[in-house]
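Structures for review follow.
Same chain, two partners: subunit A is paired with subunit B first, then with subunit C.
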Partner chain A sequence: MSYKRAILARGLGTFVLNCVIVFFALAPLLWGFSSSIKPTDQILKVPPEIIPSEVTFAHYRTLIENDVFRYMGNSAIVSAATVLLCLGIGTFAGYALSRFAFRGRNFVMVVVVTVMSIPIAALLVPTYTLIANIGLLDTRTGLVLLYTAYELPIVIWIMLGYFNTIPRQLEHAAMIDGYSRFETLRRVILPLTGPAMIASGLFVLTSAWNDFVVAVVMTSGQAVRTLPVAVYFYLGFFGREWGPLLAASMVSMAPIILIFILFQKYFVSGVTGGSVKG
Partner chain B sequence: MTEVRFSHVRKSFGSVIALAGLDLDIKSGDFVSLLGPSGSGKTTTLNLLAGLHAADSGDILIGDKRVNDLSPDRRNIAMVFQNYALYPHMTVFENIAFPLRARGRGFAEAEIQKKVKGVAESLGVASLLARYPKELSGGQQQRIALGRAMVREPGVFLLDEPLSNLDARLRIRMRRDIKALHDRIRSTIVYVTHDQAEALTMSTKIAVFDQGELQQYGSPNEIYHRPLNMFVANFVGEREINFIAGQLQAVEGIPTFIAPGLSLPVNAEERWCSLEPRDAVLGIRTEAIFARPTAGSETVGLVEQVELVGPELVAYVKIGESQLSCRAELSSELRSGDRVHLTFDPAHFHFFDPQTTASLAGSTK
Partner chain C sequence: MRIFPSLRGKGADDGGEAFAMRLVAPALLIEFLFVFLPLTLGVYYSVHTVRYFQVGAFIGLDNYVGVLTSPAVRNSFVVTAIFALGSLILTFTVGLALALHLERDGRMQVFMRAVVLVPYIISMLVGSLLLRWVLSQDSGVPQAVLGPFGSSGFSIFANSTSAMGALTYNAMWRDAAFAMILLLAGLKSIPLELYAAARVDGASAWYRFRRLTLPLLKTPILITIVRLLMHFINSLTFQLILTGGGPANTTETIALRTFRLGFEDYALGRANALSFVMFIFNVILISVLIHLFKPGEKLR
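For the complex of A and B:
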């Protein structure tokens, strides 16, 4: 009996621990969400209500009146373009590094790793000058190019690792079956890299969607302002009004959370894809 | 009907010479095994033929066409890989149909359906067409890989150790199936293996490789019974061959092989048997030495180990400085420590030069 009780106790302990972790991780989110749908005078009430007694979407309406859809649109366009560009280039680069022995291959790999380890802060000033010189300051294109430059190395690295787990015989078989190198890549290899693409795509998406520093430096007008920058400006605009601020935070978090929930299965298998047999 | 020819083909990887000047003629419809230990150049030969590697020099011909500069998809070949290389995201049907759907082949959908079903039926996998490769057993995957190669009716089949991932029983069955397949379709087959039993049972010709060089090319019978050098003699055969270092000399006018504890008369009609004494190595297989507990010959040795091999025994017998493996009847009930009399079958003596390791019989050819 004591053996069974020990197992029970351990199970209970794990459960309690998990509850504590979940509480710390989710409580701020839930509190933020519940406050964003409370009337302004209820938000700072002591003790706070987790489930609001009175629900209002006034704060969200305020956001809409303040162009939140335009900023979301900007963020969405910039993030999506960055993801597509990174995956497009990163996949081919990873494949080439994995499959071809060419002069300078090791040099390219070292450069990729080195670039990954330079902090963005150190790159801000030179890239600002560069972007200003080529006239892409205050454009979405400029942001897309910069995000791609920052995120491409990690995409290349993830894809390279994943390609290395795919047996070469598959390509050999397809080539002998009558397909060119490119056709082989398209019909045999790429369909197998889904998990790695989703993992690196999510990674790029999160960083591009959440980026504040680069966007605030490279853009100044409202026309191309992205959501994180907009949230920052709301802070100046609304002052201490928690309702619209929290609503803005919710709006900026929700899409990413949603996408992660949709893709989490693939994300996990993509992250571990390099370590176990693919 | 397609023949294959290698002439003076060389290939090295960095400083390692993988293939040092290969000349090999494969006739149309032959089943040729490339046999050798790992690193002997057999797989390199296959990859050169497939177009997965480029030769450093020399010519490779398929049919009458020099294919050195042709990419794999334009060589009219099909290949079965050791790990099968089935496409994991396609069903069995799609896997087999894949070569037919390649650009420029232009098969109509109805024709593809018919061909794939035909091949699947001939291999007994027609019921698996809707499955994915990971849902199949090793033997079934093997058949699908064969099917994918067959469906195109290529000029040359390349098989790269296709049975080595199967268990022993299944391997023996697949051996027969592949041989039956060859008898039916009569295509040229090039088959890479390190398993001498596979080579002996299936091929019409065997090419034995070692250290990047072709050691001998001949029918299984020739390879087994007339090995050109000590490597071939030892590599082919279920057990290691017995090598005994000694001397050939005339004893009372009869050519005789003398070694510590041994004196064996040799068939005098062998042409190379001069009566000049010379050093030689005798190679003799297990099945050509017979051990009996009763008297019957002057050669006497001590049993050190006994193995039961199905219908008979194999005894390891110490004679002089060497240990010889030999056959014995089951009923003789040999035990280690027994004294036995050995009889040798002179028809199965192979003599080699101890310096060059070449066969003395081969030197007259």
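For the complex of A and C:
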């Protein structure tokens, strides 16, 4: 009897602990959302209402009046282009590193691991210096190229690991059938890489969509401003007017959370920089 | 430096040298142009007088001496050390606790892992902005929590100790899940039979943790610590959004100082010098990390 009670108590303890964890992890997001749909005078009410008694989308309308769609469009274009470029270049490089004992392979591996580890903040000022000198300041192209340079190593690493799990016999067979090396890669190997493409693509997409520090340094005009930079400028513009600020946070966060819910299992491999299970 | 095993004689295709080089060339070009070239240019700027973008006379290490003797920079070193160590200890502890708590693959554990990952996957900017809202007087939280202690007028961001505490909390809130994921990968690789055997031998839970889990987790723990440390030393968004370096620069870290030197004062010579100092420090940490990684073993 006491044994059963001990198990019950333990289960209850775990449950309470889990509730505490959920509260600390998600409360800022949920409360941010509930405040973003409150009328301005209700937001600052003390004690605060957890569930708003009066719902309004005025703050979201304020954002629309302040060009939020343009910034979202910029973020979407830059993120999509980065994903395409990263996958295009990274897949080929990963394949070469997985299959061929070429001269300089060790050097390329050192470059990949080094760039994967260099924190972007240490590069900001030198990179700004370069980008300004070659006329890519304040362009979407500049952002795409920089994001590609920063995210490429993780794509190469994930693809490399995945190619290593594909048996070489496949290529041998294809080449006996008369395929060239490139045809073998394109027709036999690439169609098998779906899961690794999705995992690395999602990782790049999230990083590019979320990036703030690179974009805030490399762009200044409204024409190419991305969503996170826009949120930062809203912070300066709206100050302590929390309604539009919280609404902007929700707009920036929503697509990422949706993708995370849909593709959860692919996310972890990007974080660990490790293997993908097909 | 040959730290990666060669593929030669291991069934690799030796004939495709030219083909392989063509495949890696675009990646190498991009990394060279946007990572290594900026660093070179940065070093060049750092040893010259620079007025906006006009590179002037060669002045040797004057920019370095200038930044390293500046009180603001020295202050930022101390602030960075406090922030990085405090955040490391807090984040690592919570991350390890989460990893141990959510180790098994039950439905509940998988769900909980997803929940704690949410602060990590959203943008740092948004996360810090939300915490800034929660911790500000405007939200009513500080008043509600501190009110009973008779200090409802207390502003978290106006006091240097509590501002640093808020920053550290922000770091933990976001990155504990990152530490958890890295440590979970390590925990998964420990064979369950070892625990079963220890249990048969009558080892207590604490003894199993102390004598089995910790020693076998040594490399993942070290990797996690180095990666967290690098991340915190270089973090910019937390400070820029949550505290803005305030009050009175008591939360202004090196990354934020460099940012201001470069993009508010436009002192590109000095900012590049400070960036390079930071870079050298990172290289030391990276070389530690590469040796811990032993990627060759994971290649196969």
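The criterion applied here is as follows: the second predicted complex is superposed on the first by the 247 of 278 C-alpha atoms of A that agree within 3 Å, B and C clash if a C-alpha of one lies under 4 Å from a C-alpha of the other, contacts with A are read in each partner's own complex, and residues count from 1 in each chain.
In this section, a residue touches a chain if its C-beta (ideal position, glycine included) is under 8 Å from a C-beta of that chain, and two chains touch if they have at least 3 such contacts.
Not measured: the values here are computed from a predicted model.
S.K.: Clash or fit: what happens to subunit B and subunit C when subunit A is overlaid?
M.R.: fit
S.K.: Figure out whether A:28 sits in contact with subunit B (first) or subunit C (second), or with both, or with neither.
M.R.: A:28 contacts subunit C only, not subunit B.
S.K.: Please tell me which partner, subunit B or subunit C, touches more residues of subunit A.
M.R.: More residues of subunit A are touched by C.
S.K.: A:188 contacts which: subunit B (first), subunit C (second), both, neither?
M.R.: Only subunit B is touched by A:188; subunit C is not.
S.K.: Looking at A:196, would you say it contacts subunit B, subunit C, both, or neither? Reply first, second, both or neither.
M.R.: Once the two structures are laid over each other on A, A:196 reaches no partner at all.
S.K.: Which holds for A:174: it touches subunit B only (first), subunit C only (second), both, or neither?
M.R.: The answer is first: A:174 touches subunit B but not subunit C.
S.K.: Please work out whether A:95 is in contact with subunit B alone, subunit C alone, both, or neither, and reply first, second, both or neither.
M.R.: second
S.K.: Tell me the contact category for A:205 with respect to subunit B and subunit C: first, second, both or neither.
M.R.: So A:205 meets neither subunit B nor subunit C here.
S.K.: For the overlay built on chain A, what is the smallest gap between any CA atom of subunit B and any CA atom of subunit C, in Å?
M.R.: In the combined three-chain model, subunit B comes within 6 Å of subunit C at the C-alpha level.
S.K.: Quick one: which bits of subunit A touch subunit B in the complex? Just the residue numbers, please.
M.R.: 167, 169-170, 172-180, 183, 188, 191-192
S.K.: For the complex, give me every residue of subunit A touching subunit C.
M.R.: It is residues 17-18, 21-22, 24-29, 31-32, 35, 43-48, 89-90, 92-93, 95-97, 99-106, 108-111, 113-115, 117-133, 145-146, 148-150, 152-153, 156, 160-161, 164, 168, 171, 181-182, 206, 209-213, 217, 228, 231-232, 235, 240, 242, 245-246, 249, 252-253, 256-257, 260, 264, 267-268, 271-272, 274 of subunit A that touch subunit C.
S.K.: Which of the residues in subunit B end up touching subunit A in this complex?
M.R.: So the residues of subunit B touching subunit A come out as 50-52, 71-73, 75, 77-79, 81-83, 85, 87-89, 98-99, 102-105, 148, 152, 158.
S.K.: Give every residue of subunit C touching subunit A within the complex, in rising order.
M.R.: Touch residues, subunit C against subunit A: 1-4, 6-8, 11-14, 16-17, 19-21, 23-24, 26-28, 30-31, 33-35, 37-39, 41-43, 45, 53, 98, 101, 108, 112, 114-127, 129-131, 133-134, 136, 138-141, 143-144, 173, 178, 181-182, 185, 230-231, 233-237, 240-241, 255, 258-259, 261-263, 268, 271-272, 274-276, 278-279, 282, 285-286, 289-290, 293, 295, 298-300.
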